[in-house]
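Below, chain A partners chain B and then partners chain C, in two separate complexes.
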Partner chain A sequence: MSLQQMTLLRREVLTIWRDRSLRYILLFGALIAVLLFLAIYSAQVIKAIPTAIVDLDHSNTSLELTSYIRNTENLQVIAYPQSFEDLEDLIRQGGVVTGIVIPENYGRDIALGRQTRLLAIIDGSNMIYATNASSAILTIARTIAAEAGIKTLVGHGVQYSDAQAAYQTIDFQEEPWYNPALNYAYFLVLALALNIWQQCCILSACMTVAGETGRASWLQIRAAGFSRLRLFACKAVVQVVAFVLVALPVYLLAGMVFSIPMRCGFLALLLFTALFAVSLQSVGTLMSSLARNAVDASRFGMIIALPSFVLSGYTWPLEAMPRWLQLLARVFPQTWFFQGLNYLTFKNPGWDFMSRYFLALLAIACVCYSVAAVAISHNSYRVRRAGS
Partner chain B sequence: MRQVWGIAVYEVMHILKDRTLMLMVFLVPFLYAALFGAVYASGVLTGIPLGVVDLDHSALSREVVDTFGNAQHFQVVPAVATYQELERAMATGVVRAGVIIPVNFEQQVSEHRLSQVELVYDSSNLIWGYNIRRYALTVINQFYQTHAAANLIGLGFTGKEINDILDTVSLNTEIWYNPALNYCNFLFPGLILLILHQIGLLSIGLTVTREKERHCWLHYLGSAIPRWKIVAGKCLPYFLVNFCNYALLLWLASSFLNVDIGGSLPLIILLGALYDVIITSAGFAISVRSSDSLVVTRVLMLLSIPIFFSSGFTWPLAYMQPLLADLVRLMPYPWMAEAFRLVSQKGAGAGVIAVNLLVLGIMACLSLFFALNFSKRLNSWRVRPQDFYCNDHARRVSETGGVSC
Partner chain C sequence: MEPVISVVNLVQHRGKKPVLGGVSFEVAAGERFGVFGAGGAGKTTLLHSVAGIEQIRSGTVIVLGCDVRRSEAFKKDTGLVTEERSLFLDLNAAENLDFFSILKNAPGESAGRLCQRLELGAYLGIRADELDGGVFQRLSLACALLGGPRLLILDDPIRDIDLESRQILINELNRYSSAGGACIWSFSDIGCRRLVDRVGWLANGAMNIYLPDQAIQEWERWRQQVETGGGVGRS
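Coming up: the complex of A and B.
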């Protein structure tokens, strides 16, 4: 490595370090993010869904049912309103998410073998609660129907074992793969923290060109006769190394301290992250070369970085988006990274499958650097022409 | 009023002259809303790829497969036939769920021995995981009913008797406020409020820093114009544009994405106005205390994701660390998002959201207080020769750091 390159590398390190806000953002942004998201998802799963039971019957049978619901996993009975209207108000105010109404004469109807209908109400306004509550209610519905059916069959003179066999010979075993506890912290914390990290990286990379040309020292650099390729290559190397170094404690904290799964192993993940850092640097350089000044460059970069998480398939599956949007989302390196991250950390499907993610990030970096080079050359030509 | 109007017109000219700012104020909110709208347009997961490993190949196993195959939300992928293929397909995302029917399944059932069918699903992404679980439970309940009915026929019951027995106790489930459990209804209003929050803060957050960088803020400080007029004039354009964006985005969401936005219109307007006052005045207060547009841009942009995910809009506040939940309540977004959901989706009245209105009102007063209380003393600001110029020359001097001189 020549002395000139060493000087340029050292200069870039100093440039990042002297920009106080950027320094703090890079050093602490992702770390604070990982701790924040761990605190948000510290409960990990939604279990005690607030539930109310309106018992309009007050019979022994209804009390048995109430007791059964109280012991159900995922539902936590916290209120016993006296009427349907009270339940309605409770749900509207967000006091409970689920309400179960036991009708009048419930016990008598069961005893006489008459049909009776329970009502379950779920507040669908928060889907995190609603999907869990809905599953819990479906399980209760099946159990209650089967128990009542068996009792009725026995009442009709059918042997208990035959009655039980009519209902319960098939058992559907549920097995969630890759994240058996359906843990939200495993699913989201690392991805969200890395999303903040990629935003910090983009902010830093956006200074690559705009940060230089906006300074007086730019004239000195031009006068010194440095090749633009060498200058920006040195800047890119320093930034990519810095980005990877900043990501390291995030992985260490998430993996070692908080046991977030990383099935692919640390090295593969680091290599994938390094490649993503290169593509982020290329996107930042491109934005920087198109912008008039550093503020505009940051805005351009963030206009891409902000919605990328929604597009990346973490909050809504990529496959469920319209076809044209799937193609658009794949233009962004963030989509490839977060999809790849999910596969690597949970499934580790092997190089055959993952190679496309590595190659896509590389291709995006090549395209962005090429366009940025053209834009920088064009700008220089314009400045020279204006000068002459 | 003429002074306020003059400052407001000057600010509008700035917005129109700065192309990036103009795009951010007028276009980016709609661009983001259109993008997020397109993402959540389908709202409900359908055609979930399902792999079936049928090791029995009997009439009963085909019945199980058909029940899943005919379900609205699942689509059987024929390429998967063995357990290894299912494992590989799950690992590569070709299928997201699988049903494994064991050998001798039908025989065991006919002998009244308990037989296990395994339902596996991909929970690496919990949007898939939880929805597949819910849909699968619906299908399983339906299968149980059909299967029990078939068994009862075997026991010699008539059709009417079977219906009576199966319906002895039925649990009717009603889902209120979002009956189809549509993700667009759930997330889109919250995302609109976040877009307004961030774009609003970011545009007005640069209004004073820009003046400082162009060395024109000194003229405001040195003038006899009272502070409230400076704040009013500077904030007015952003307040109006933000409010128009709020109304337009809600109308677009309701008209084109069929997002359920009902409830009391005056309450929705009141909430929007309070939220807008908070954003605009907080943005001004941040701007007046910052020296650098770049720092404001960087910090405000980084806040978007943490604000949304910590707000309780998706993950309930009750499940967060108590200290964090208390800190979150210091921000306007969680109160606004909660109140907006209560009014627009649940049709809540002023009584139900009284606390939210009160807190938002207090926040509006506080942010106005901080916006209005900036120092107008000249020595509070570093004065340099070029600060007395407010023209292209001064700007050129500042941008080139003196080189062009």
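Coming up: the complex of A and C.
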């Protein structure tokens, strides 16, 4: 490496370091994000879902059922409204998320072996609560339906053990793999923190060209006849290294301190992240080379950085999006990174499978850098005008 | 002897507005050529065209034997001082000198000598954006002189600066010229005519060239014309 290149690299390091706001954003943005998200998802799973029971029967059987629900793991019974209308008010005002209505004659119908109908109401306005509540109620429903069925068979003279066996003919076992406890923290914390990180990275990468050409010092660079491509290549190298260094403590904190799964191992994850940093930098450089000034470059960066995580298919499956949106999403490196991150951290499916993610990031970087190089050459006379 | 700068029929626009409408002149080695004009007359555009910063719309600009549209080879032998603060503002004075030294392949000791002559020693650790206007322009000239350029392009370098810095800059430029360096120097204060050998007066996109004494006579004539309401043809 020539002395000139070393000088350009050093200058870029100083530029990043001496830009106080950029330095703080890069140094602490992702780190604060990971700590914040760890705190938010510290409960890891949703338990104690606020529940109300309306017992319209007041029989011993309904009291038994109430007691059973009270002792379940994920529902926390906090209210016993007297009527369906009271339950409705309670849910509307956010007092409870779930309501179970035990109908009149519930005990009598069970005793006579008649069909009876319990009503479970779930507040669907909060999807996270609703999904968990639905799952918890389903578990309860299965158990009480089986118990009622066994009692009915026993009432018809079937031996208890035979009745129990009849209800266990099909043993349907659930085994959530890779995240057995369905831990929200495992699924979301690292991805959300890296989303903040990628936003910081892309916004700073968007200044690669526009930040330089927008300064009066660009006149000196042009007048001295420095190679623009060499200048921007040096800036890109420094930025990519800085981006990876910023991600490093996020991984250390998430993996070593908070035990978030990283099945692929630290080095593979770091390599994947480094490649993503290159592709992010390339997208930022492209935006920057197309922008008329630094403000435009920031706007372009925001347009890409902000929706890209949602578009990446991490929180909502790509396959559930319209076809055209799936194609659009695959243009962004964030899609490949966050999909790949999920595979690497939870499953580690091996190089044969993961190579497409690595190659996609590489291809995006190659295309973006090539187009940016053309744009930089084409716009090389673009200078800030202050004089006459 | 081949001129250091040869501009023939240079036309430049700013947006759709013509700024230079066919300007021609030459600058010889060792000569100081002044470009005078009001704000907006096209001085900076002309200097940027000579420096190879501004794309040439039409006409020919030959600098140190290179057509600026086809080659950048002349740039290693030129130095630029701009009216606005065009050094690297996030670097301190010493870092700016180091940066320019390495990028211009200038020997290390030349920065030291320039620092001494331009009296920059006390300011080396100060960031460029914190320097006063006069000191900043002294540092700009030091950076421009690194590598021993054959042509200096100066865009109103002594405008609104303190007298001490102004004198230091003039002394250094005298030294540079006496060593055979050529210089194109824009200014908007007619008093600066004494510092140059010829004055190219830019007005309405055209350039008329005068000797310094002729330039002041022309200025006086024009000023009286404006004051008596006889027209503003040279604005």
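We adopt the following convention: the second predicted complex is superposed on the first by the 379 of 388 C-alpha atoms of A that agree within 3 Å, B and C clash if a C-alpha of one lies under 4 Å from a C-alpha of the other, contacts with A are read in each partner's own complex, and residues count from 1 in each chain.
FYI, contacts are C-beta pairs under 8 Å (C-beta built on N, C-alpha and C of every residue); 3 or more make two chains touch, one makes a residue touch a chain.
Just so it is clear, the model here is predicted, and its values are computed rather than measured.
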Legend entry - Touched partner set for A:229, first chain B, second chain C, both or neither: neither
Legend entry - Partner chain(s) touched by A:15 [first = chain B, second = chain C, both, neither]: second
Legend entry - chain B versus chain C as contact partner of A:257, first or second or both or neither: neither
Inset, instruction - Please indicate which partner A:363 is in contact with in the superposed arrangement: first for chain B, second for chain C, both, or neither. - result: neither
Inset, instruction - Mind working out whether A:4 is in touch with chain B, chain C, both or neither, as first, second, both or neither? - result: second
Inset, instruction - Report for A:331: first if it touches chain B alone, second if chain C alone, otherwise both or neither. - result: neither
Inset, instruction - Considering only the touch criterion stated at the top, classify A:118 as touching first (chain B), second (chain C), both, or neither. - result: first
Inset, instruction - Using the touch definition from the top, say if A:374 reaches chain B (first), chain C (second), both or neither. - result: neither
Legend entry - More chain A residues in contact [chain B versus chain C]: B
Inset, instruction - Find the residues of chain A that appear in the contact set with chain B and again in the contact set with chain C. - result: 215-216, 219
Inset, instruction - Show which residues of chain A lie in contact with chain B when the two form their complex. - result: 21-22, 25, 29, 33, 36-37, 39-43, 46, 91-94, 110, 113-132, 134-135, 137-142, 144-149, 151-153, 156, 158, 161-162, 165-180, 182, 184, 187-188, 192, 195-196, 199-200, 203, 214-216, 219, 293-296, 298-300, 302-303, 305-307, 309-311, 313-317, 319-322, 325, 342-343, 345-350, 353
Legend entry - Contact set on chain C toward chain A in their complex: 14, 19, 37, 39-45, 48, 51-55, 72-73, 75-76, 78, 80, 82-91, 95, 98-100, 102-104, 143, 153, 155-156
Inset, instruction - Quick one: which bits of chain B touch chain A in the complex? Just the residue numbers, please. - result: 20, 24, 28, 32, 35-36, 38-42, 45-46, 88, 90-93, 108-109, 112-131, 133-134, 136-138, 140-141, 143-145, 147-148, 151-152, 154-155, 157, 161, 164-179, 181, 183, 186-187, 191, 198, 202, 206, 292-295, 297-299, 301-302, 304-306, 309-310, 314-316, 319-321, 323-324, 338, 341-342, 345-348, 352, 399-403
Inset, instruction - Using the touch rule from the top, collect the residues of chain A that touch chain C in their complex. - result: 3-4, 7, 11, 14-15, 18-19, 215-220, 222-226, 381, 383, 385-388
